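In what follows, subunit A forms one complex with subunit B and a second complex with subunit C.
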Partner chain A sequence: MALVGRDVTMVGGLAKVTGAVNYAPDLQFPRMLYAKALRSPYPHANILRIDTAKAEKLPGVVAVITQDDLHGLNPYFGPVVDDQPVVATERVRHVGEVVALVAGESREIAEEAVGLIEIDYEELPAVFDILEAIKPDAPVLHAQRKETTAGVHREEFNFQVGGNVCSVYHVEDGDIKKGFLEADEIIENTYTLPPVQHGHIEPHAATAYWEPSGKLVLHTATQNPSGIQEQLAQIFKLPENQVRVIVPLVGGGYGGKTHARLEPALALLARKARRPVQWVLTRDEVFLTGRRYGALVKIKTGFKRDGRILARQVEAFYEIGAYALNGPVNAKTGCYVSSGPYNIPNRSLTTYSVYTNLPPTGPFRGVGVSHVCWAYESEMDDIARRLNVDPVELRLKHLVRERDIFVTGEELISVGVTDCLCRTAEAIGWKGKEEQAVPPEKKNLLRGKGLAVAIKSTTTPTTSSASVRLNADGSAVLLTSSVEIGQGLLTSMAQIVGEELGLPFERVTVSSPDTDVTPYDKSTSSSRTTFHMGQAAQQAARDVKNQLLDVAAKKLEARIEDLELRDGSVSVRGVPDKKMSIAEIFRTRFGSTVGSMFGGYCFKTAGGLDPETGKGKAAAFWFFSACGAEVEVDVETGKVRVLKAVTAADAGHAIHPKQCGLQNEGSLLSGMGSALFEEMVYDNGQPINSNFLEYMLPSLEDHPQEFQSILVETPHPDGPFGAKGVGEAALPPVAPAIGNAIANALGGVRIRDLPIKPDKLVAALQAEKENR
Partner chain B sequence: MRRFELAEPQTLEEACALLNDDGDAKALAGGTALLTLIKHGIFIPKTLVNLKKIGGMSGIDYDRQRGLRIGALTSIYDVESSPLVCQYYPWLAEACHLVANIRIRNMATIGGNLAHGDYQSDPPTALVALDASVDLTRGTGTRQIKLSEFLLGSYETALQPGELLSALVVPPPDSWRGTYIKFTTGSSEERPCAGIAALLRMEQGICRDLRLVVGAVSPRPVRMHHAEEFARGKEISEAVLQTIGAEASRVVDPIDDLRGSASYKRQLVGVLVRRALAAVIH
Partner chain C sequence: MKINISTTLNDRTLEVSVYPNQTLLEFLRDDLCLKGSVEGCGVGVCGSCTVLVDNRPVSSCLMLATDAAGKRITTIEGLGRNGALDPVQEAFLKHQAFQCGYCTPGMIMAVKGLLLNNPHPTESQARDYLSGNLCRCGTYVEVLAAVQELAGR
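And then the complex of A and B:
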């Protein structure tokens, strides 16, 4: 192929590295105001009184909104449950909740005005811990809940009422009791993961204004323009064409920008101010706005001495913070993969999403999968150690293969997990059983290798639409609402369209999302863009191609099947003289060499799960991945260094191998941070490390000296050119691979609570010594 | 960030007068520490006094008799990359090199680093081991005090209102051999969980003199006087290293913070001190 599978130069890369890109916080509009939020200092409190009089009198303050400005709106919103107020109503449920929003002539004025707002609170008992939150006597965050009418397919959740459990998801296979009865051995452990930050460099940022006609315009750094449009239309009771969402290049998302955050309150403020208002969060506000769920995962596995795993029971609790956001989606997505990419005859898998008075969560690269993968892949190594067998062999015995039936009852296709594991094992220099041998004593620096694999679904069913516009000069633009968030879709989508239309790469561009112009897309999340938008783009391009061939066939008096479209012209195969340029085709069709030829396609995936049984079709395609790590553990200080790492993902067919490799590398670094040190810390619901000085991401110095990305390619019949997504694929196995490497270095000493910080390792080694 | 006035004095005298007249005003040099505190609302100063317009406050001089003199506005990167520092005080260059990342070190000044009084920092530990002093000025007169007396606690220094740290003075290195070890529990760019500076003077395998300073575990860098005394006149055997490590571990008074618990740090200090000394000897 001319373009697909080639590492063409990334579009926009130079502009980014030279600082030429205007991101959402850089935008300027005439008469623009600046927003600043007054946020709750309490984790849970009733609002008794708000007095904004002094703030409103401050020169330069144009508008202030509070709960009193919500009349006539649908004041609650959310992707799954309508539980988030546009601004706090009567009650705050987490530190940092927005109680009022001020628009001022400058950021400083707005900030000063925030300090002049008087509020009386009545503090309420709060709950922060997952297990505390599910107790019957725990303070309840949401006594009443209303499922949303926008967005996700709500019928797939089992919403709970009464306590803090928001949703429960369950799926099973075989007979779990019988499985455990027949097992020779059973191991059972609990794993935990703390909240962590997405770490997108660009904070949340948006600008809103209302046109005189009553149309709302939002320029926002979102991964989800169509979703924001839908949500805002619902809140303001507008038809969707009266909400226009425009998205510039986004400076990173990782899930943190998938749902409406700033947009609802900002739109309301702009309406009151009657001027454009811009709201850019500070970093500590980002910490109060989104994060990864904390989780507690109980896992129990029964197996025979001959190495057959008979039964696995998982019960996972996801701590979703004060509002549901996509917590139920996360818990569901984690549930059916919680026994791993394995064939296990008897399984019982249950997940819960649980409200607490911690700041809100949201999707996070790997959604619920990283949590359960941390548990099941640590457990696989423990079982191998107990059985004294090679952990790779144990996995290979149970890994799902092409056309196997998964726990959801669906047939799996494009299953490259065995290749991912085997190639990763080879690349990391895996020697088999001896990797788990107990190390010689009396050494300060011990080395170990570890491996892990993962399976993940993409959100299903969903819809992506695209249109391709071909100009008479043989250049084309893809109109798409998918968002460039650094993953490189401006490049990969141009490759797909260029490949289909036989155009040189430089002749194809990809639009930025603008919901007035670009068609619907579910969202740039769930690593779905290459597969879904790629398919829509390819089919839209094919639509244009068919129109070109149709005109040419008549003119050239040839059959369509005998024509080929290449390098900007249509020719008859084998008869090079019989050809027409795109310009000639335009002249033939339109009478002149101007105009546009449009192609369009709406790609919809089928599927969905029955919430009662958990059965159905969970995924339009499945991600498979593996990670291998070699670590060095300083047993005296507990410090772990990752010396070498390998991440592998099944890309189906890599459209741009280099970009896929960068995704694998990004997955490694993100996973390494949360494996070894990243952790948001709270004191009574108040984040205490909410900046990048106290909460640090891995730096280049932490990057392993040796890194290798592996792309397995098991083409998927429904993907464009066989391609699947890779964005999140390799993240979930990173932490367990590192955890397994540490355990192998230390003769089986295992930390089950992330992150594996030095003090935990030192304490575990001491405990081990005392027990011996 | 709230609005503030930015004063830009041209001379030290003016700067000191501004700071003296307005007790709430804060001196601004590289800004890497102060601006973070302001962003978090820990300080909400009405006036910042920018020191960067004052001439003659950066630069590095070395004299065999007097030692090293570093202007307070010298960036940490300029200290670590100075041929003089690298030649005569490689441990100081190393401690500066280990601060955060290149972007921070290009902005942050050595004077600001010391005046900030952050115990989770690398240069103060190395400089206390070198028995450095600081020049404190009110514009008119200057007093010089030992850095070990200047650093009083977490964000506490001996600076009086209206006083500025104008220079850093380090005695000649004599025949010290030394090392500085930074230990982080998180990202390698993080501030230290512990920092160890060890300077050793050996004659024919016998320790003539030892300076041992433990930083970042308690509110100020602490010299291990007992351990230093114990080491003098001894051959530094494995057993002596163990004893010194154990002594340092016993003497330190660590505080809990996000980088580690007090008990972990106590244990860590023993290990790192032993390793630092072993590194100097070998």
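And then the complex of A and C:
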């Protein structure tokens, strides 16, 4: 192929290396005001009184909004349940919740005004720990949930009423009791993961204004323009065409910009101020606005001495913070993959999403899967050690293959996991069973290698639509609401459209999202863009192509099957002088060489699960991946260095191999951070490390000396040119691969609570010594 | 009360008034509309606001604008000459050393500072020098490759 599969020059690079990109915090509008939030200092409290009089009198303050400004609106919103107020109403449920928002002529004025707002709170008992939150006597965050699931607008997640358990998901197969009875050995452990930050260097940022006609315009750094449009239309009771969402290039998302965060309150403030208002969060506010769920995962596995795994039971609790956001989606997505990409005859898998008085969470690269993968892949190595077999062999014996039936009851298609594992093992220099040997005594620096694999679904069913506009000069634009967040869709989508239309790469451009112009897309999340938008783009281009061929066939008196479209002309195969340029086709069809030819396509995936049984079709396509790591552990200090890392993902068919490799590299780094040091820490609900000094992101000093990205290609029949997504694929196996490498360096000493910080390792080694 | 200073910005001498509590980053972004330097952390850790001050990389979010008096400041907008890119920018393009691009101007200024002070850094010197520039997309291998090429290694 001319374009697909090639590392063409990444679009937008020139603007990025010259600092010319206008990101959301860079935008400026005439008469623009600046927003600043007053945030709750308490994790749980009733609001008794708000007095904004002094703030409103401060010169330069244009508007202040509080709960008193919500009349006439639908004041609650959320992606699956409307439990989040536009601004706090009567009660605050986490430290940092927005109670009031001020618009001022400058950032300084807005900030000063925030300090002049008087609020009386009545503190309430709060709950932060997952297991405490599910106790019957725990303080309940959402009182109305005691009796009703009102506000739930997506029923497929099994919402609960009563306490703080927001949703429960369950799926099983075989007979779990029988499986454990027949097992020779059973191992059972609990794994935990703390909340972590997405770490997009660009903070959340948006600008809102209202046109005199009553139309809302939002420029926002979001991964989800169509979703923001939908939610704002619902809050303000407007038709969707009265909400225009425009998205500039986004400075990183990783899931953190998937749902409405700033937009509802900002839109309300701008309406009151009657001027454009911009809201850019500071870094500590980003920490109060979104994060990855913390989790506790209980896993129990029964196996025979001959190495057959017979039964696996998983119970995972996701701590979702004060509002649901996509917590229930996360619990569902984690549930059915919680026994791993393995054939195990008897399984019982249950996940819970649980409210706590901590700041809200949201999707995070590897949504829900990293948590359970940390548990099941650590457990696989422990089983291999118990059986004294090679952990790779143990995995190969159980890995799912093409057309195997998964726990959801569906047939798995495009299953590259065996290749991912084998090629990773080879690249990391895996020697087999001896990698688990007990290390020699009396060495301070011990080395070990570890491996892990993962399976993940993409959100299903969903819809992506695209439109291709062909100009008479043979240049084309793809109109899409998918968001460029660094993954490179401006490049890969141009490759797909160019390939289909036989146009040179430079003749195709891809729009930025503008919901007045670009058609609906579910969201730029779940690593779904290449597959879904890629398919929509290809079909939209094919629609244009068919129109061109139609005109040419008549004019050239040839059959459509004999025509080919290449380099801006349609010609009859084998008769090179029987051809028409695109301009000539335009003239024939429109009588002129100006005009536009449109093609469109709406791609909808089929599937979905029965919430009662957990059976059905979970994924339009499945991600498979592997990670291999070699570490050096200092047994005196507990310090771990990753010397070498390999990540492999099944890309289906890589549209742009270099960009896929960059996704693998990003996944590795994020996974390394959460494996070894990233952790958001709270003291009674107060965040205590909400800055990049005390919450470290991996830097060049942490990056392994050797890194290799592997792309396995198992074409998917429904993907554009066979492609699947890769964005998140490689993240989940990183932490368990590192954990397994550490365990192998230390003769089986295992840390089950992330991150694996030096103090935990030193304590574990000490305990091991005492037990001996 | 504003303070009058004289500074050289991207090879042009400027006589400007700045607030005593204004950071260099705020001055660049708010007063001069130079938006290439961006704020990521506000505490001098992420490196996204890196500019050169007398050819040394500095986090402009931590430097007061008044301290630019008498100094030579170079921002991403001042790299390259007569429409041509600086070799560092060329190398970043060639090695695709960016993804979302938000940290890229700061990273490029840090690399520029590294090479001005040490034209032939080893890989380990480069890692050390650039460890104050965070890229969450994870494009470090490509940044290193760009530096190694520029260093003639």
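Keep this in mind: the second predicted complex is superposed on the first by the 763 of 772 C-alpha atoms of A that agree within 3 Å, B and C clash if a C-alpha of one lies under 4 Å from a C-alpha of the other, contacts with A are read in each partner's own complex, and residues count from 1 in each chain.
Simple rule for what comes next: contacts are C-beta pairs under 8 Å (C-beta built on N, C-alpha and C of every residue); 3 or more make two chains touch, one makes a residue touch a chain.
Note that the coordinates shown come from a computational prediction; the quantities given were computed from them, not determined experimentally.
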Touching partner for A:I134 - first (subunit B), second (subunit C), both, neither: neither
First (subunit B), second (subunit C), both or neither touched by A:N691: both
Subunit B versus subunit C as contact partner of A:L14, first or second or both or neither: second
When both partners are placed on the shared chain, which of subunit B and subunit C touches more of subunit A: C
First, second, both or neither for A:K658, with subunit B first and subunit C second: second
Touched partner set for A:S699, first subunit B, second subunit C, both or neither: both
Partner chain in contact with A:I201 - subunit B first, subunit C second, else both or neither: second
Which of subunit B and subunit C A:T282 touches, first, second, both or neither: both
Subunit A residues contacted in one complex by subunit B, in the other by subunit C: 282, 691, 693, 697, 699, 701
Residue ranges of subunit A touching subunit B (in the complex, touch as defined): 107-108, 111-112, 282, 284, 636-639, 673, 676-678, 681, 688-689, 691, 693-694, 696-699, 701-702, 757-759, 762-763
Subunit C residues touching subunit A - in the complex, by the definition given at the top: 29, 33-43, 45-46, 48, 75-77, 79-80, 85, 89, 92-93, 96, 98-105, 108, 126-128, 130-144
Of all residues in subunit A, those that touch subunit C in their complex: 9-10, 12-23, 25-26, 28, 198-203, 249-254, 282-283, 485-488, 658, 662, 665-670, 691-693, 697, 699-701, 703, 707
Interface residues, subunit B side, partner subunit A - complex: 1-3, 36, 39-40, 101, 183, 185-191, 193, 258, 260-261, 264, 267-268, 271-272
